[in-house]
Amino acid sequence: MTQESQNNTVSLKVQLRTIIFGTETPAGRAFDIGLIICIICSVALVFLDTVQAVHQRFGTLILWLEWLFTLLFAIEYALRLYSSANAWKYARSFYGLVDLLSVLPSFLALLIPGANLTLVIRVLRLFRVFRVLKLLRYLSEGNMLLRAMMMSSRKVFIFFFSVSLIIMVLSAVMYVVEGPEHGFSSIPKAVYWTIVTITTVGYGDITPQTELGQAIAAFTMLLGYSIIAIPTGILTAEIGQEIGRVRDLRRCTHCLTSGHDHHAHYCSYCGSKLAEPLFDDKAPEEEK
Amino acid sequence: MTQESQNNTVSLKVQLRTIIFGTETPAGRAFDIGLIICIICSVALVFLDTVQAVHQRFGTLILWLEWLFTLLFAIEYALRLYSSANAWKYARSFYGLVDLLSVLPSFLALLIPGANLTLVIRVLRLFRVFRVLKLLRYLSEGNMLLRAMMMSSRKVFIFFFSVSLIIMVLSAVMYVVEGPEHGFSSIPKAVYWTIVTITTVGYGDITPQTELGQAIAAFTMLLGYSIIAIPTGILTAEIGQEIGRVRDLRRCTHCLTSGHDHHAHYCSYCGSKLAEPLFDDKAPEEEK
Amino acid sequence: MTQESQNNTVSLKVQLRTIIFGTETPAGRAFDIGLIICIICSVALVFLDTVQAVHQRFGTLILWLEWLFTLLFAIEYALRLYSSANAWKYARSFYGLVDLLSVLPSFLALLIPGANLTLVIRVLRLFRVFRVLKLLRYLSEGNMLLRAMMMSSRKVFIFFFSVSLIIMVLSAVMYVVEGPEHGFSSIPKAVYWTIVTITTVGYGDITPQTELGQAIAAFTMLLGYSIIAIPTGILTAEIGQEIGRVRDLRRCTHCLTSGHDHHAHYCSYCGSKLAEPLFDDKAPEEEK
Amino acid sequence: MTQESQNNTVSLKVQLRTIIFGTETPAGRAFDIGLIICIICSVALVFLDTVQAVHQRFGTLILWLEWLFTLLFAIEYALRLYSSANAWKYARSFYGLVDLLSVLPSFLALLIPGANLTLVIRVLRLFRVFRVLKLLRYLSEGNMLLRAMMMSSRKVFIFFFSVSLIIMVLSAVMYVVEGPEHGFSSIPKAVYWTIVTITTVGYGDITPQTELGQAIAAFTMLLGYSIIAIPTGILTAEIGQEIGRVRDLRRCTHCLTSGHDHHAHYCSYCGSKLAEPLFDDKAPEEEK
């Protein structure tokens, strides 16, 4: 192998990497969008195949299509391994494992029947969609939400911690009050009931029958109704702050006023063009 | 036909147009309000006719009234076509199609029995009510809401996109865990269950039976309970900003302070009369 | 009757009025609190009497107590009529009518059995509690909430109007899709189902059975889940503004800074005593 | 007993107190964390023991472990009594009573079978976890939430008071409209139904059957749907204010600008190091 051919190989590898891992070039975007379409189709197939009527009529067709997608994903996985700067690092990454696992079980299914987990892993591949979103310039909005969530995570943790203590106490009380004869067959079941009630879901598969139980249930509902306000309040305050921060960052270079809206293109005081928001993080070159 | 009679026709056409399409003149408002009353009556009739007891007692009367309304709407449609500046443009517009479709099926029903879709289209005509609201000066409030919703639409889209990915993953997991014997007969059904649970509706027609399923269900509920906060937070922040923006726009011409409330009539600093808010968009002359 | 005795009568009337209608004197407060306790007891009696087990054991006792309370309320009504500055005006007022109606039906019940409406009217008397709250200085907080609600009422009206249009369209669609054989026996029933679903109550007494119906139901839930944010956002923004307004009204007379909290007693900048908030409306002398 | 041995005893007592009641020393933290783990294990055991399948297989093992934990807790209680500065004060404190009650019933259970309340009291011990949280520096976030809740407690009280009046009126109306034959067997039961509906829980164990009842139910739901916004609005406004207050308290000592974020380490204007937030309350030495 001459120096040139080796260079060719390297350049092919780099080119492939730009297409497969990158999202900046038109080819890279096309690849990502094509991949997303394949993933969505394969997930839709798996979803539809579980419907009895569809399975009976189109079962064989779906089986063939599923094998086609498995083959495509296998090729994609091989190409990713080949073109990656560090194959082993990619193989151990979250997406690397998901990519492998989305291919493997279909082959295993030949040997072991009913490998149901495949479909769950296929669905996990949907999260690749977030990479494509990056192309669509939705990122800064998502970033703002994520930052607000991160800022409020400590407060929300405190909240969920306190709520889970309350849930445990209420569950123990309801188990003692209602007992197994009214569907509260064990405390874990009572925990399930308390969560169903405190989140205001209210299936009605287990309901209190005694007067005392109904009184405690009513208290639980009113509690859930009022504490639903807390995470909302925390997050709203943080999002408001986040929007304020972004506005503060935008300063008109002409009249030096700040506080311009994230979506504004012109200064609302002197009308001069504003710089684009500095907000969008650089897209990471490769998943790690 | 003399020049004069032609002029008469034109002026009649213009006058009709002002009455039928316009909302500025007293006659135009009276026409619109009368039309809304007719639409509400015809919708109420259709709604009541589906009640078995009412149908048996007043069925014939309702049938006659329905034909009366259909006739009225047909005349209205003909007049709209005649008086419109551009008949073909009107006929292809959203309201033009709804107007036509609300008349047509009653005639078709003579040939084809059970044209149930008529009533749905009749109901769609209710959206004409929004035109009348314009008269009632509620518009600026509605505009404020709409703008806040538009400002937050990107963030809400990101949110619903992420939620739908989570719903799909949870549905696949629940289908595998619970299976068809506990009501999760297919993944689309599991998606229905997940939406029922994550939105805290909780019908209880499908409920998890296994311990693992109940644990995942409890997790789903707590997830739905906490992410309900996100759209609220986004919208609240935007509405707050929107109100602030409107206040900033109102500037006292006497002492030059801004920040007056949307509903304020006098400057809260110097007491001089404020100009009316510039906020109400011009009413569009004709639907396009 | 001498001048003096007439004066005595007038002064007795004025004194009675101060006690019965007023809330400023200790006697007036004692009367109001005693009345509230009587109302709560009579309502509690009526509530408990409907429990079968309680009715069988304590039925006669409750009947006697009920007659006692009716007598007391009759005396109170007579005294109010007598001491009121304008008896006829009082008799026609909302509370005057409620007071009369809470006494009348018990007497009527001697002639007509099963006058169930009495209890509903008795419950309405509970709203008198709001008068006592006035004593407890909770009023300014309640005023703030009320003002925020009034400020947002137009926006909330627009919201509920739009939602009711959406509910009607969805109801008509669901009636056509699911039909009477799946519990959607008429469009008014479908409206009931849509409200149960869109508010995320989800009884589960009527649930969609067809695939299309379940898809529309899922859409309805997600819609309800997201539009629940709108009234919250509106009200939150208004409450925030209301708190800001109250803070702006409090100005330190020493260093002239404003923006002090409603609950603050001292200026946070110079430490001097703040004037009490000007916020509590004067208590109305008499109900009209 | 010599002076020295007495000194030794005192110093042992003080050392024990530092370990058992204190959270500042490494030994104190280790003791608290170990205690929390024991409490969580004992609660988990009690929870699992109520599951029939687990009880049959591991019943004896769990019984032994439960006795082991009871013994440990008894020793802990004795040590707390011994090392406390004021044993009687500790014994009467909330945690003192909970500690005693979590030990006592296991011994009583030897004499009286089925002392179910033990488990509820065991669960109450979980609240000790809050003491450990103190170590983890989550306190200031929790404090912020608590202060916001306290600031809004008066408004929330007014809200819940008004809601409970509305609930009582609606319950009386529904009892009259639906009556015992449709599950509304008494007004307290109707109150339970109203709470289930107004909080949007919606079990579906009691549902209105008559047209009028369903109309009132729909109204109740829409009411609950809209008033859910009120506590959220109140709390959000208070949390927003609370965050603003914390930011105002942080002032850069170099350039004198205030308004720095609670999590910020450096001044965003001049880049100099900020003082740590003054916000974390001193940990109380001993529970009282």
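Some points to look at:
Letters A, B, C and D name the chains as they come in the text, with residue numbers starting at 1 for each one.
Going forward, contacts are C-beta pairs under 8 Å (C-beta built on N, C-alpha and C of every residue); 3 or more make two chains touch, one makes a residue touch a chain.
Because the structure is a prediction, the values reported are computed rather than measured.
Simply put, chain C must spin 90° to overlay its Cα atoms on chain D, rounded in steps of 5. Comparing chain pairs A-C and A-D, the larger number of C-beta contacts belongs to A-D. Interface note: chain B and chain C, two copies of one sequence, contact each other through mostly non-matching residue numbers (shared numbers fall below half of all numbers used). By residue number, over half of the touching pairs seen at A-B are also found at C-D, the match among A-C, B-D or C-D.
Taking each chain's centre as the mean of its C-alpha atoms, chain A lies 31 Å from chain D. Once the centre of each chain is set as its mean CA position, chain A and chain C turn out to be 44 Å apart.
Those residues of chain C in touch with two or more other chains are numbered 188, 191, 200-204, 228, 232, 234, 236, 238, 240.
Within the complex formed with chain D, the chain B residues making contact are 200-204, 232, 236. Across the complex, chain B meets chain A through its residues 151, 154-155, 157-159, 161, 165, 168-169, 172-173, 175-176, 185-188, 191, 197, 200-204, 207, 211, 214-215, 217-218, 221-222, 224-226, 228-230, 232-234, 236-238, 240-241. Contact residues on chain C toward chain D in their complex (touch as defined above): 43, 46-48, 50-52, 116-117, 119-120, 123-124, 126-127, 129, 133, 138, 141-142, 144-145, 148-149, 156, 160, 188-189, 191-192, 195-196, 199-205, 228, 231-232, 234-236, 238-240, 243, 261, 263.
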